[in-house]
Structures are given as C-alpha cells and as structure tokens.
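Here subunit A shows up in two complexes: once beside subunit B, once beside subunit C.
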Partner chain A sequence: MELLKDKILSSYVAFENDININSDVHDIRTEALENFEKLGFPTKKLEAWKYTSLNSILKEDYSIFPNKCTAVELADVKKYFIHDIDTYKVVFIDGKYSPFLSETTHDTIDVCLMSAAFAKPKYKPVIEKYFNKVANQDNLTSLNTAFAKEGAYIHIPRNVEVEKPIQIINFSTCADITTMVQPRNLIVVEENAHVQIIERHQSLTSNAVLSNVVTEIFVDKSATVDVYKIQNDDINASLVDNTYINQKSNSVASVHTFSFGGNITRNNLNFYQNGEHIDSILKGVTIIEGKQHVDHHTLVDHIEPNCESHQDYKGIYDERSTGVFNGKVIVNKEAQKTNAYQQNNNVLVSDKATINAKPQLEIFADDVKCSHGCTIGQLDDDALFYMQQRGIPQKEGKGLLMFAFANTVLESVKIPEVKSRITKLIAEKLNVNIGFDL
Partner chain B sequence: MSKYTEDDLELELKTKEYEYGFYTDIESETFAKGLNEDVVRAISKKKNEPEWMTEWRLEAFRVWEKMTEPDWANVKYPKPNFQEIAYYSAPKKKPKLNSLDEVDPDLLETFKKLGISIDEQKKLANVAVDIVMDSVSVATTFKKTLGEKGIIFMPISEAIQEHPELVKKYLGTVVPTTDNFYAALNSAVFSDGSFCYIPKGVKCPMELSTYFRINEGGTGQFERTLVVADKGSYVSYLEGCTAPQRDENQLHAAVVELIAMDDAEIKYSTVQNWFPGDENGKGGVFNFVTKRGLCETNAKISWTQVETGSAVTWKYPSCILKGNNSVGEFYSIAVTNHYQQADTGTKMIHLGKNTKSTIISKGISAGKSQNSYRGLVQINSRAENARNFSQCDSLLMGNACGAHTFPYIEVKNKSAQIEHEATTSKIGEDQLFYCNQRGIDTEKAIALIVNGFSKEVLNKLPMEFAVEAQKLLEISLEGSVG
Partner chain C sequence: MLKINNLHASIEEKSILKGLNLEVKAGEVHAIMGPNGAGKSTMANVIAGKEEYEVTDGVIELNGEDISELAPEERAHNGVFLSFQYPVEIPGVSVTNFIKTAINETRKAKGLEDMPAKDMLKMIREKSELLEIDRKFLSRSLNEGFSGGEKKRNEIFQMAMLEPKLAILDETDSGLDIDALRIVANGVNKLKSKDNAVVVITHYQRLLDYIVPDFVHVLHDGKIVKTGDASLALELEAKGYDWIKKELV
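Right after this comes the complex of A and B.
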C-alpha cells in the first residue's frame, strides 16, 4: 500500500511532462495530490471503509501510465457494447482514447474527450465553471483529480434532447503488466436538456486492473439524466467508481448500477440537491459469487425543500462473496416536505456469504417523510414449492424468484436494449434459462 | 432492659447525630484531583479491598492510560479533563430540611406531577422524616424475603468483602476492563454499585430496585452493577428513578453487566433523568454508560429504558446471544429537549442457533436537541435460523432539532431473517386539530400523541414505573411546542 503510494507520488513529475502545467486546472491537480499525500489510501479504520478493505488489491505493483498494450479488434469487443441500437461512443483503451472504436460529435452537443476540453480555449469557461466543483476531497477522489487528464467530456446545451444514448467504455488490455487507470468524466447537462448514458469498464486481460473513476454530473433546471452502470468485469479487475451529481430545481437524475462481475467493486454515489422539486433515483442490482465484493456507498443530500429521493438496492450473494450497502440520507434544516425513501433487500444463498448493511438517516427538518427498510432473508419456500408442484424445476423456480426479486430495479430502466441485455446477464449469472423476455 | 422512654429516644437521636458528625469528619477527606496509580490504589484501600481487586483495578487503569477518548458518537461536547476530577470523595452531606415548605417549589411541582407520595417526596428532597418511616421497615422486610430465597442483593463493595468468590468469578466477564475508554476508567476507579445474585431456579418475588437498597449513600459517578441470574432463575431489576436527580458531577461513566445462565431471564429497566442542563444548554450531566448482558442457552435478557435526562448520553445496552435459543430484547424511549444530545441504541450479537432479538426504539427530539439511534445486529456464521426485528421511529418537534439513525447490520449466515425499518415523522396538524376540536388543549394533545407513539415501549415497563414514566415524558417535553 505504502509502496504504491510512493510510486504514485514519485510518478507525478513524469505525469507533469505530458501536460500543460501552466493552467488553473493544474493548480487543482497539485492541490489534490498534496491532499492525497496527506490522506493516503483508505483503510478499514475509516468509518466509510469499515467493511471494504483495499489491501489485497493495493499490494499489486501497478503500472501508472500503461501504454496501449494490445490492439483491439472491433469484432472481439463488440459484445461489450450495446450494439443493437445506434449510440455515441467514447472508448478508451488502457486510459487512452481510441478513435477507431469511438463515435463522437460536436454537432450541437459535445461528446468528446477531457484532454481536448482541457487543451482548447473554447472549453475553458465550462471547465472553469464545473471541473472539480462537486467532487469532494476524499482520498481516492483526490488521487483521481491529481492525475485527471483523460475521460469523457459531455456537454448538452439548453433544450436539447439527445436522440441516442452515449456509451462510455474503458477497456484494459495489458497482458504482461498490472495496470491502474484513472478516468475522469465531466458531464454537463443544461436547462431542460435530456441525455442517457451507459457506462462500462471491461478488462480484456487476466491481469489485475484497478480503475479509480471520478464522474461529475451537473444537471441544470428541469433537465433529465439517466445513467446506467454495467459492472460485469473480469474477476481480476477492481473498480472504485466515484460519481457526484449536482442537481438544480425540477431536475430528475437516475443512476442504475448493475454489479455482477469484478473482484472488488466500490461505488461511491453522491447526490446533492441544490434546488426545489428535484427527484433523485438510485437503484442497483448486485448478484455476485466466489470471493467477489461489492460495496454500494450512497449519499443523498437534501438541501432545499420539496424534493424526493428513491433508493432501491437488491442483492443476491452466493459462495464466499460479501456485499455492503451503506446508504445515507441527509435532510437539512431547510429541506421541509422532503420525501426520502430507501430500500435495501438482500438474499444470502450460501452460508459463507456476508452482507453488511448500514442504512442511515440524518434528519434536521420536521415536516418530512423519510423511511428506510432493510431486510436480509431467503427465497420464499412456499412459492418455490408451488412452482415445483406445477412442474417448474427447482433451479428454474429459484431463478424466477430471484428475477422477480430484482425486477423492481429493472422495471425503471428506460432503454429496452439495456433492459434485455441486463436480463440476459442476470440469467447467465443465475445460470438459468427462464424462457421468456422480461 | 428497662422501658424504652421518650428520654431514651432523645438520647438515641443525639447519639445518632453524633455518629453522623463523627463520620462526616472522616469522610470529608477528599482525594486531590487527578488520576494515577496511587489514586487507584488508595480508592481500593479505602474500600478495604482484597489484593486481587486492587490488581484488577490497576490493570484496568494501565489499559485506560493507553486509550484515547472515542469520538465516533454523533454528539459534541467539551472533552472532560480527566486530571481535573476528584476520583474519591465521600458523599456530601446535604442540609436537612425541617419540612416540605423549605424545599424548592419547582421541585415540589415536579414531584406532584409525577404523583410521588408525600413520604417519598420528603425522602427525595432530603427532608427529615419521622422515625417510623415506612421505607425503612419495607427495606427490612425486603431483605428478609430475599434472604429466605438465597438472593444476594447488596452494594458491590460489600459483595467484594462478603462474596469475593462470586464477584471474582463474574466481574469483568461481560464487559472486560479493556472494552472501551469509559469501561476501563470505570473499572479502575468505580466507587460503588449493586451486586445481585439469584440462585438456581429461584424466581425473585419482587422487583429489585436500587431505590430500596439500604445503605445506599452516594453511589457516585462511577457506578458498577453486576447481576448474575443462575440457571432457571428470574429477576426484574429497576435502575434509576423518575424523580429529577440534581447532581453536581459532570461525568458519569457507569458499567452494568448482566449474566443470564441457562433458562434464566433478566429484565432490566432504567429510567434516567439526570440533570439535562438548563434551557440554554448550560451544565448538565455527561452520561457515558456501558451496559451488556450475556445469554446462555434458552436465556433471555430484556433491556427497557426511558432516557429523558443528561446533557449528553452515550449508551448502548447490548445482548450477547451466546446460547442456542436465547432471546435479546431492547425497548427504548429517548427524549431530548433544549440542547440535549443522545446517541443511544443497542447491539445484538447472535452467536447461538435459533437466537432471536427484537429492537424497538423511539426517539423524540424537540428544541435544539440531537437524537441518534445507533445499533448493531450481527449474525455470526454459526448462528442458524437467527431472527431479528428492528424498528426505529423518530418524532421531530420543530425544525431546530435533529433525528438520526445509524443501524449496522452484519450477516454471515444465509438462514438469518433480518428486518429493519425506520421512519421519521412529526405530530400531524390534523391529529392536533382533532384533539383540539374535542376540547383537549394542545399541550395535553401532544402528551397524548407522544404517549401513543411510545406505547410499545411503555408497556414493557413494570407497572408503577410505567405510570411515572408516562408523566415524565410529558414534563420533559413541556413548553417544547410553540
């Protein structure tokens, strides 16, 4: 851990050779590096990391600036795209932009690269106004900010409804070295605009990969943003996903997280409601096995009155896997008439699996409706028996029940192709053929 | 012996007075402020404790020295300076008053509201009472009945002298000296407390209460309680008192240990009403308590608490469900008003098979107070068929206070069934309106609604306690509605 930290700190000089160091952005980077130097990597001693230890993945000797290792053929990676519909694509291979696989645009909207946005004067006002403005100062976010250089840059102007979804995909390919990548995304959605984003991290190698991602999303008045995170990575790949969403009045933002793959996955999802009549939706399905670990760490900060938030996280844990749900809802003194709802349901399939849940409420206003529910239990034996009586084999019966269990999350997925893709992934994951599309 | 005359009585009274005077002389000796090994040794010597006890205390002190004060709780307060506290001082002799007329009228008013009898009022307000005071004889009868059943109930300092084998065997087994900062401090310097032992198969015929323990004196700020219920026994234990406790000690760090052996049941009820500080948040007691119970096979421990006092409360009565089929329960009402802060809850550690736990927590915050529920439900991998139900409800009055929930749920067994739910609400205007319409004024209506909100917990209190606790809730929230 210390070794990796030292390596990261000393590599900063090399990093600086590559970028423009005479910019405001670079001042932010340098400050973030100092912050990371002070804080170091998170340990289990921190309350926020009580149930997730990164020790096992931080002992790897990661390469910090991997060169593009292996050529990637479209045919090989096509399956990782939502390919049956037309989409914009921003694709990175080992942290570097891949023009060949991507499909960007500057036609009314900007779907392009952070490196370009940092470099070109035309984007300077946007960068100045938004970059690193909602991300917090914690250890891993600071680390990402210090090395912020590449990622997706999306800017949707007023009243534009983006006609097709945008996919952001990060591939890792290095076969001979372990790699650490730190993508940095900035998404600005202006008044009354609408965009759908699909995000995915995929390792194409069996080597260890650590992705420390930071995504900042600004949702202006009456805008709508839907984000779908598909986490079905290789078993040697780990992910720390830090997403910060700043919402203005009457906006709606939703994030659906589907966690099926990967070694250690940590999702830090933060919503800040700076306005009235905002709706925030946080949903997730986690189905893991083996020694996988998925940690959902959510925060919804209700700052102003008349807002809503809905959280619904379902988890199915098999073998020795561990799951964490840490949901926090803060209702500030001013945020009267808040309606905050949080639900977390878990099924443990194996005796060796573990679930740690910590649904928290911090409420400072009196005229609010806040509730949270958390359950840990088993599939209904009677329902299973009923199906077996009617000729549905036990395995399929269980699969159906688990589907029904996760369906409340799938229901609100707005892109049919994403829904059917997730349905297939779940069927694969549960190893059943349910014989119909949901 | 000659006939007992009035002169004799007069003489006796005089002698008694003298006795007191004599004791006062000795006890006025207070240790200098500060804490070190010598002070711990001196406390132990003062209590005439055996060597093992002194060593036990010293060990705790050495551990404590290396510990730092915890700051994870959701409370803010100036950290006490532990070298500024005198760790041994004799109970202060309060001035005896001649009649109730001399007592602070505010206090009397409160007594009246609580429905405390005149005799009790006198006792609580430290008014001299007739020589034939009921409680003395009651206490004697109590002692006799308990003695017949073989129940031991006495101050822990006496128990160390009279039943060293029992104390030595059980003290510190549930809350080890190294457990936490305040438990270690308590272990090193505890002044007194209660010890209770219920023999095999005995059902304690009455509610044991610190209130009736003779020779109580001032239990001081570091109270230590140990309750051992042997196989198949039952005891209900009451701690505290609804009457307001005016105490100048700022810091209270008590430790309570309960041991319920096979098939035993312990019911432990607390009403805490220490000085909460004034309306502006000045003064008030810091109440940092470690309470824990151990359940063997088929045993049951039930904690019930009504917390209305103290400026800062930091308290988590817990159950370790070690034996199969054991049951843990936690029922709590925590009321905070003005600038009070409470961080309270429970821990249910399921180790045995078929263990069950229930948590019902009701938090009521008013004024500028902060009220937190912090609880842990842990199901270990061998705890087959464990069952937990938790419910945390918060009631907010006004928008200057806060209600917080921090439940921790850790499950390592697939057969576990856990349910947790929490809600936050306020008193509905339509509810108030409904009451007003029917001629119930707002203050009374609120009391009514709060009582309904707390019913599930109040029901768990022993009868006489429940009535007083209900009134206590009303008083605590007085003037909180504007």
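Right after this comes the complex of A and C.
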C-alpha cells in the first residue's frame, strides 16, 4: 500500500509533463495531491471503510500511466454497449480516448472530453464554475482529482431534452501489466434539461485493474438526470466509483447501480439537495458469488425543506461473497417536510456469504417523514414449494424468486433496452432460463 | 389413479397422518371433510411432496407408480395439481409468464419442445374465458394484491392450463363469495373428465352443492374414519362432527 502510494506521488512530476501546469485547474490538482499525500489510502480503521479492505488490491504494482495496450475491434466489444438503440458514446481504452468507438457531439449539447474542456478557452467558464465543486476531499477522490485529465465532459443547456442516451465506457486491455486508471467525468445539466447516462467499466484482460472514478453531476432547477451504472466487470477488475450529485430546486436525479461482476467494488454515491422540491432516487441490485465484494456507501444530504429521497437496494449473495450497505441520510435543521425513504433487502443464498447493513439517519428537523427498513433472509420455502408444485424445478424456481426479489428495482428503469439487458444479465447470473418475452 | 395405503406422516416429529387409506379412480370426485387439525391440509401437502413433512410409513401410488420419493416438481410433471389454501404472492412475475414457465418446464420434463407462443395465447384466451377472468388480470404480478377470490380463481385458471390428472383443491371455497364460488365450481366441472380425478378438501357443504362428489370421507386424527356418498356431507353440515367422534369410541 505504501509502495503504491510512493509510486503515485513520485509519478506526479511525469504527469505534469503532459498537461498545462499554469492553470487554475492545476492548482486544484496540486492541492488534491497534497491532500492524498497526507491522508493516504483508506484503511479499515476509518469508519467509512470498516467493512471494505482494499489491502489485497493495493498490493499490485499498478502502472499509473498505461498506454493504450491492445487494439480493440468494435466486433469484440459491441456486446458491452447498449447497441440496439441510437446513443452518444464517449469511450476510453486504458484511460485514453477512442475516437473510433466514440460518437460525440457539439450540436446544441456538448458530449466530449475532459481533456478538451480543460484545454480550450471556451469551456473555461464551465470548468471554473463546476470542476471539483461538489466532489469532497476524501482520500480516493483527492487522488483522482490530483490526476484529473481525461473523462467524459457533458454539458446540456437549458430546456434541452436529449433524446439519445449517452454511454460512457472505459475499457482496460493491458495484458502484460496491471493498470490503474482514474477517469474523471463532469456532467452539467442546466435548467429544465433532461439527459440519460449509461456508465460501464469493462476489463478485456484477466490482469488486475483498479479504476478510481470520480463523476460530478450538477442538476439545475427542474432538470432531470437518470444514470444507469452497469457493473459486470471481469473478476480481476476492481472499482471505486465516487459519484457526487448537486441538485437544485424541482430537479429529479436517479442513479441505478447494477453490480454483478468485478473483484472489489465500492460505490460512494452522494446526493446534495440544494433547493426545495427535489427528488433523489438511489437504487441498486447486487448479485455476486465467489469471493466478490460489493459495498454501497450512500449519502443523501437534505439541506432545504420539502424534498424527497428514495433508496431501494437489493442484494443476493452466494458462496463466500460479501456485501455492504451503508446508507446515510442527513436531514438538516432547515429541511422540514423532508420525506426520506430507505429500503435494503438482502438474500444470503449460501451460509458462508456475508452482508453488513448499516442504515444511518441523522435527523435535526422535527417535521419530517423518514423510514428505513432492512431485511436479511433466505428464500421463502413456501414460495419455492408453490413453484415446484406447478412443475417448475427447484433451481429455476429459485431463479424466478430471486428475479422477483430484484424486480422492484428494475421497474423504475426508464430505458427499455437497458431494462431488458439487465434482465438478461440477471438471468445469466442466476443461471436460469426464464421466458419473459411473451 | 391415486392409491394411498397406510400413510403415516409427521412434521417436526409431530405425527399428523396415522394410517390414512384412500383410493381415487379416474373420473371420480372425492370430498375430504373433517374438523380443524384433522390433517386435511397435511394430506394435500404430503401428496404434493412438501419437504417439511416426513413420510414415516405407507405408500402413495399414482397410476401404479410410487411417487412418495419424488420431488414436488416431478409429481407435478406426473399430473398432480394442488390448489393452495393460501396461494403465495410472487411480485414481478406476471400470471402469464408464470404459467408459461410452468407449462414449458412440464413439457421439457417430458422431452417436448416449448409450446408455440400462438398456441399458448389461444389456450390462455380459452381458459380465462372459462373462468371469467379479465385479460388485464393476467399481466398483473402473481397473486400480488389479489383479493381472496381472485387468488382462488387464479389457482383454478392454472389448473385449467396445466390439465392435471389428479387435482386436489385445498379449501378452494374459503374466501369466495357466492358468485365467485359458482364460477370456480363451474370451471372445475367443465374440466372434469373420465380421465382425471378431483379431491375436494372443504369445511362446508356449500361447495359440494356445485361440485357433486361421488364419495365423501371424514378425516379425523390422521385417518379416514367414515366414508359415504354425497348425503354424508349434508348430514355433517346438519349435525357437525361430534357424533362421528362418539361412534369411534
């Protein structure tokens, strides 16, 4: 862990060769690097990391600046895209932009690159106003900020309803070296605009990969943003996904996280409600096995009155897999009439699987409605018998029950192609063949 | 069709069935009546193969084959259907998708291809009309938020779709108003043929006004203690069970 930290710190000078160091952004980077130097990597001694240890993956001698390692053919990676509908695409291979696989635009909206946004003067006002303004200063976010250079830059002006979803996909391909990538995304959605984002990290190699991602999303008044995170990565790939969402009055933001793959996955999902009549929706389905580990760490900060938040996370854990749900809801003194709902249901399929569930409600206002429910159980034997009685074998019956269990989260997916893709992934993951096409 | 000989079954070491004998031939309707706790639902669950129950002695034969070691789904594939007293809610799985999966799994077990979608839809249309089921109802999640009557009607709809050889109706009349009762009974009667058999478990005579049994059995303390024709049900309705218990002493 210390070795990796030293390697990262000493790489910084080389990193500076490639970028403009005489900029405000670089001052932010340098400050973040100092912060990371001071904090180091998170350990289990930190309350927020009590149930997730990164030790096993921080032992790797990651290459900090991977070059695009292997050529990628569209035919090989098509299956990782939602390809049956028209979309914008911002695609990176080993941290470098792939113009060949991407489909960007500057027509009314900007769907392009952070490197361009950092470099070109016309983006300067947006960068100044938004870059690193909602992300916090914790260890791994600081590390990402220090090396912030590339990622997706999305800017939707007022009143624009973007018809095509935008896919952000990061591929890892290096076969000879282990790699660490630090994508940095900025998404600015102005008043009354509407956009849908699909995000995926996919390793095409069996080498260890560590992605430490930071995404900042600004949702202005009456705007709507829907984000779908598909986490079905190779078993040797780990992900720390830090997402920060700043919402203004009457806006709606939703994030659905589907975690099926990967080695260690940590989702830090943070919502800040800076306005009234805001709705924040956080949903997730986790289905893991083997020694996989998925940690959902959510925060909803209710700052002003009359806002809502809805959280619904379902987990199915088999073999020796471990899950964590830590859902923190803060209702500040001013935030009267808050309606905060949190639900976390888990099924342990194997008696060696573990779930650590920790709802955390900090309520400082007196006229609020806050509810949370958490269950950990096995599959319902009576329901299973019912299915078997109708001729459905036990294995398929279990699959159907688990599908039914996860389904409440799928219902709110607004893009039908994403919904059917996730349904298929769940059926694959549960190894059942369910006829859902009638 | 069904031959049960000296059946003993227990749950959590508590003995419930204590030497039950029952023979049901194709084309027959049998009613099982009896006081609470007599073992009526246990009998239904044991025939269907619920794993919590342990068969400690006796044989359950279906068409000459001992089924007592088979998994519940294998018994279903052999033509056993149980209409549940308390059907289970399964959110997120529509009635249509559920029955489609059930039918195709049964066909798969018999080495058949999936039923073509066109045939499936035609069958769904016919059977839902038979039971006066609104088509919209079929796209709802299985039993979720269904009224008691809707749940029971849905059970009989599934029975109609699966075309079992032996149908056991466990208190299908409970929770039904008189109109729903008539529809359900009418459905059962239309599905009856010389090749299948029905076992009706009930507390009350009123269902038997519509589904007329060939035999009525009284189950008491894990055994069948009295058998008669349809008139026995009327006698039980009028006099209760105490006189039978006294006869046994």
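Things worth noting here:
By definition in this document, the second predicted complex is superposed on the first by the 436 of 438 C-alpha atoms of A that agree within 3 Å, B and C clash if a C-alpha of one lies under 4 Å from a C-alpha of the other, contacts with A are read in each partner's own complex, and residues count from 1 in each chain.
Here, a residue touches a chain if its C-beta (ideal position, glycine included) is under 8 Å from a C-beta of that chain, and two chains touch if they have at least 3 such contacts.
The structure presented is a predicted model; accordingly, all values stated were derived computationally and were not measured.
Using the contact criterion defined above for the overlaid structures, shared-chain residue A:Asp366 touches subunit B, although it does not reach subunit C.
In the superposed pair of complexes, A:Gln394 makes contact with subunit C only, with no contact to subunit B.
Looking at the shared chain after the overlay, A:Thr408 reaches subunit C, while subunit B stays out of its contact range.
In the superposition on chain A, A:Ala383 makes contact with subunit C only, not with subunit B. In the superposition on chain A, contact of A:Asn356 is made with subunit B only, not with subunit C.
Within subunit A, not a single residue is touched by subunit B in the first complex and by subunit C in the second. The touching residues of subunit A, counted against subunit B in their complex, run 47, 333, 336, 346, 348-378. Listed in rising order, the residues of subunit B touching subunit A in the complex are 72, 381, 394, 396-426. Residue ranges on subunit C touching subunit A, taken from their complex, read 48-52, 71-73, 75-77, 80-82, 84, 87-88, 90-93, 96-106, 109, 114, 117, 120-121, 141, 158, 162. Remark: subunit A residues 380-383, 385-394, 396-397, 400-401, 403-408, 410-411, 434-436, 438 touch subunit C in the complex.
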